[in-house]
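One chain, chain A, links the two complexes that follow: it is found with chain B in the first and with chain C in the second.
For the complex of A and B:
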C-alpha cells in the first residue's frame, strides 16, 4: 500500500473515532438521550441568542465543554480535530463583518477596535461552543438511540429516516471511495492522489455507484414492507433522576443568560 | 413450483437470469410473460405488498440489505412496517436473532459487522417478518469457509421454503435436494441436485 493510500485509510478510520466514544459507560453516557438532546438544544439556543457584540457574556459558557469533556471521557484532541472543519464557514462569514462594520467599539491603548472585529470574535466563539456541544452529544449517544428518540419525540419519520440513512451510507460511500482510490493508486503509483484529468471520471463513477446503491437499498426497503412512512418505536421514559439532572443543568445554562 | 418447506437451488452461468428471477418474484421488475403466484395470490403491482409479506429476499450484497444504524433497528424494520406492536416487534427481533445464534449482535452497529455477521443479520431481518418462503441471492459469496459452513447449517435448519440462486455447487448439493438450471433466462434443466451436479457434460453445456 502506498503512502497516500495509507493516509486515506487512516483518514477514513479517523472519521468514526468520535462515534466510537458513544460506546462508553460514563455518567454522561448513562443519561437518558432525551435529557442530553434537550440540554444540547437549550445550550445551543442560549449561546446563539447573545447579541453580536456580547463577547464577555459568552465566556461563562465555556464551562459546559470544559466540564463535559473530562466527565464523558471524550478525548479532547479528537473533539478538536472534528471541530476544526466547521470553523472555516464561520471564519469567512465573520470576516465580512470586519470589512463592513467599522463602528468604533473598544478603545484599547489608543487603538480603536471596530464592531466588525468584536462581532467576528463573537461568531467564532459561538461556533466553537455550539459545535462542541453537538459533537459531545454525538460522542456520548449512539446514533441509533438518537434516531429512535427523535422519532419518539414526534420528529417526522421521513426526516429521521433521512438522518439514519445518511449516517449509515456516509460510511458505505467512504468505503466505496476508499476502494476506488486504492484501485486507482495501485495502478498509478507515481501520482500523488487522483489527477485532475481523471477527477471527472472518478467522481462520475462514484456518483453512478451511489445511485446504483441507493436503488438497491430502496428495493430492499420495499421488500420489507416500506411504503414511505417510517414507523417509530417507543423508547423508555426518563427516570426522576434524569429529569432532575435536566432541570438543574438547564437552570445553570439559562441563569447567566437572564442575569447578563 | 416451490413446495412448502422445500429447498431448491437455482444455478446458471453469469447472466443466466437467476437474480432477475428473484427480483421478479419480489415484484421489483415488471413481468412481461407468464405469471408468478404465491399462496394463491397472483403477483401484480397491486398485490406486490401482500406477496412481500409471504416471501423475503436476502440480497447478494449485505450492505444493500442492512441500512439502519443498528442491528436491532434493521431486524425490526420489517415487523414495524407490518404495523406490529412494540412488544411484538421486540419479541420477533429477539426470536429471529436467537434462531440464528446472533442475539449477541443485537445492539451492534450494522456497519461494523464482518461480512459473515452481516449475512446472518440479513437473514434475521427477513426471518423477523415470518415469511413462508426465503429467496437468497448468492448467499455464500465473500464468506470464509467457516462462515460458509455456518450459513449452510443455519439455512438447513430453517422451516421455510428456500430458493437459493448460487454459483456454489457444493452449497447447492449440501442444502438443496432439488435444483433448477437457468440458461439465458429460460429453464433448461430441473431435477435432483446430486444428479444434475454429477453430470459434468451437462454442466459444461450450461456454462457451469
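For the complex of A and C:
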C-alpha cells in the first residue's frame, strides 16, 4: 500500500516540482521558448547521431547540462530523480551489447575491454544527456508557454488543447486515483494491489467520475464563452538576442559533431 | 514499451516521426470533418474535446494502478489504446494517446524526444488504426454482448501489442545501436507482450462492460440510435476465446521463428565502405595553422604521450582516453561550478 501510495504522491509531486521550477526568472527562463525547443531538439539529435562505440566525443556534451543546471537554478536532485525512469530500456539494450559484442576495443595493461562494454557506456551516456536536456527544457519553460509556442508553430489547435487539458487534469485525476486506491486497500488490507476481478469496476468508476468531472468543467467553460477553439493568445516573436543565442548555442553543439 | 533516444538512429527516428505526424494530421482532418458533419463523440456532441483531455489524464492515472496477475508474483497495468478508441473513436484516441506520450516524455522521462514518433506509432497507431477498426469493431458489430466485447478486447489488444512489440524490435535493429540478435529480441519481446496483452485485454473488456451497463451512450462502437441488439446469441464463449488466443499465439510464435535470423548491421561502417576511409583529408593554410596551434597546446597529441614513437603505444592511447575523458568531465563540472558561483555573487549583489 505504501509503495503504491508513494507512487501516486511522487507523480503529483513530480509535476508540481517541475512546474515550480518553470516559474523561475533566470536567463534561461527568459529565453524565447522557440529557442529552447530548437536547441533541445538539435542537442538530442546530435547526441544520438554519434556512433555506437563513441564515448570520448560525447563527453564534451556534458557541458550543456553542467552549465544549464546552475544557470537555470534547477535542483540537480530533481533532475536525477526524473532521470531514473528513462534508464531501464537503455539498460536492457545496452547490456545485451555486453553479452553479444566481444570485439576487443581497448587494451588496458593487457586487460581487454570488449566493444559491448564500450557501446553500453556510450548508450548510457546518450540516455543521460538526452533525458537531461528534455527535463531542462520543461523545468525552464511553463507548459502553457510551450503549448502557445506549439500553436504558433502551426501544430493543430485540437492537439495543443488536448495536451494542455491532459496536463491540467493529470494532477487532479492522479490524486483522485490515489484516494480511490487508498479506500480499496483499507477495505482489502490483505491484497498487494487491486485484484483482477475488481479492476473493471475500479477503473470503470474512475472513468465515469473523470467524464462526469469533464462534463461539469466543460459546462463551466461554456459559461465563460469557450467555443471549442483554443484561445490563441499572441506569442511574442524572438528578439535579436534570442536569435543570436540560438545560433551561438546551436553552433557550439553542432561544431564538435562535425569535427570529431 | 517506451523506446529511448539512445537506442535509435536519427534516420529511423526521422522516418517514424514523419509517419506519426502524418497519422496525427490525418486524425485532425478526420475529426474536423466529423465536427463539421455533426458526428462528434458518441452521445457527447460538442463536448468531445474536454472529454478527450480528461481521458488522456485518466489513462495516465489508470496506468499507475498495477493489477496482480493471479498465481504469479508479477503485476501489470493497462496501456489504454483500445479502451480510448472504444470510448472516443480512433481519431480522437490517437490524439489523446499522443498527448499522453508527449507528457510522459517531457515530464517523466518515459520515452525519448527523438523516439516520440516511434512510441506514438507503436502504441497509438497500431491500436487505433489497425486493431480497433479491423478487429474490435467487426467483432462487436453484429451484437453487443459481454462475451463479444471480452473476445474483441482481448484479441484486439493482443494483436495491437504484438505488432507494436515487433515494431520496437525492427526499429531498434534498423538503428543498429544494440547488438542483440533479432531472433533473441523477438523471442524476448513477443511472449512477454502476449501475456501483458491478455491481462490488458481482460481489464479493457471489464471496463467496457461496466461502461456498457452504466453509460452505453459513451461508447463509440455502440449503436446510439437505440437499435442495438444486446443479445447473448452468438456471443463467443470463454473456451472459444481461449482457442482464438491459442491460435494467435501459435501463429505469431511459429510464424516469426521461421523468419527469425541474425539481422546484419549495415549502418555503422557505411562511411568506411563508401569512402574507403573513416578520415577525410583536409588541406589549406587555415587547417595547417590550426594543426600547429593544436600540436603545441595538446597535452596528449594523437591520444598518446608526446614522447611516444610513430607507432604510439596501447597504454598511452588508453591512458589518454581516460585522462581526456576525466578532464572533459572535470571541466564541465568546473564550468557549472563557476556559473553557480557567479550566479550566487550576482544574487547577493542584487539583494544588497
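The rule is short, and it goes like this: the second predicted complex is superposed on the first by the 186 of 260 C-alpha atoms of A that agree within 3 Å, B and C clash if a C-alpha of one lies under 4 Å from a C-alpha of the other, contacts with A are read in each partner's own complex, and residues count from 1 in each chain.
By our rule, contacts are C-beta pairs under 8 Å (C-beta built on N, C-alpha and C of every residue); 3 or more make two chains touch, one makes a residue touch a chain.
Keep in mind that what you see is a predicted model, and the values were worked out from it rather than measured.
**Q** Considering only the touch criterion stated at the top, classify A:223 as touching first (chain B), second (chain C), both, or neither.
**A** The first partner, chain B, only.
**Q** Just to be sure I read the superposition right, which of the two partners does A:213 touch: chain B = first, chain C = second, or both, or neither?
**A** both
**Q** If you stack the two complexes on chain A, which partner ends up touching A:117: first (chain B), second (chain C), both, or neither?
**A** neither
**Q** In the overlaid three-chain picture, which partner chain does A:252 touch, first (chain B) or second (chain C), both, or neither?
**A** So A:252 meets neither chain B nor chain C here.
**Q** On the A-aligned overlay, A:142 touches which partner chain: chain B = first, chain C = second, or both, or neither?
**A** After superposing on A, A:142 lies in contact with chain B but is clear of chain C.
**Q** Looking at A:167, would you say it contacts chain B, chain C, both, or neither? Reply first, second, both or neither.
**A** A:167 contacts both chain B and chain C.
**Q** As a test of reading the superposition: which chain, chain B or chain C, is in touch with more residues of chain A?
**A** Tallying touched residues of chain A, the top partner is C.
**Q** Residues of chain A that sit at the chain B interface in one complex and at the chain C interface in the other, please.
**A** The overlap between the chain B and chain C interfaces on chain A comprises residues 164-165, 167-169, 172, 213, 217, 221.
**Q** Please give the residue numbers of chain C that touch chain A in the complex, ascending.
**A** Interface residues on chain C, with respect to chain A: 2-10, 13, 24-25, 28, 31-32, 46-47, 49-58, 60-62, 64-70, 75, 78, 87, 95-96, 98-100, 102-103, 105-110, 112-114, 172, 176-181, 184-185, 199, 202-203, 205-207, 209-211, 214-215, 218, 268, 314-315, 318, 321, 324-325, 328-329, 331-333, 335-337, 339-340, 343.
**Q** Under the stated contact criterion, what part of chain A meets chain C in this complex?
**A** Touch list, chain A to chain C: 4, 7-8, 11, 14-15, 18, 26, 40-41, 44-45, 47-49, 51-52, 55-56, 59-60, 62-63, 66-67, 69-71, 73, 82-86, 89-90, 93-94, 96-97, 100-101, 106-109, 116, 119, 123-124, 126-127, 130-131, 133-135, 137-138, 156, 158-159, 161-170, 172-174, 176-177, 181, 191-196, 199-208, 210-211, 213-215, 217-218, 221, 228.
**Q** Please give the residue numbers of chain A that touch chain B in the complex, ascending.
**A** For chain A paired with chain B, touching residues are 142-144, 147-148, 164-165, 167-169, 171-172, 213, 216-217, 219-227, 231, 233-234.
**Q** Spell out the residues on chain B that touch chain A in their complex, using ranges where they run on.
**A** 23, 26, 28, 49, 52-53, 56-57, 59, 61, 63-65, 67-70, 72-73, 76-78, 80-83, 86, 89, 109-111, 125-126, 129
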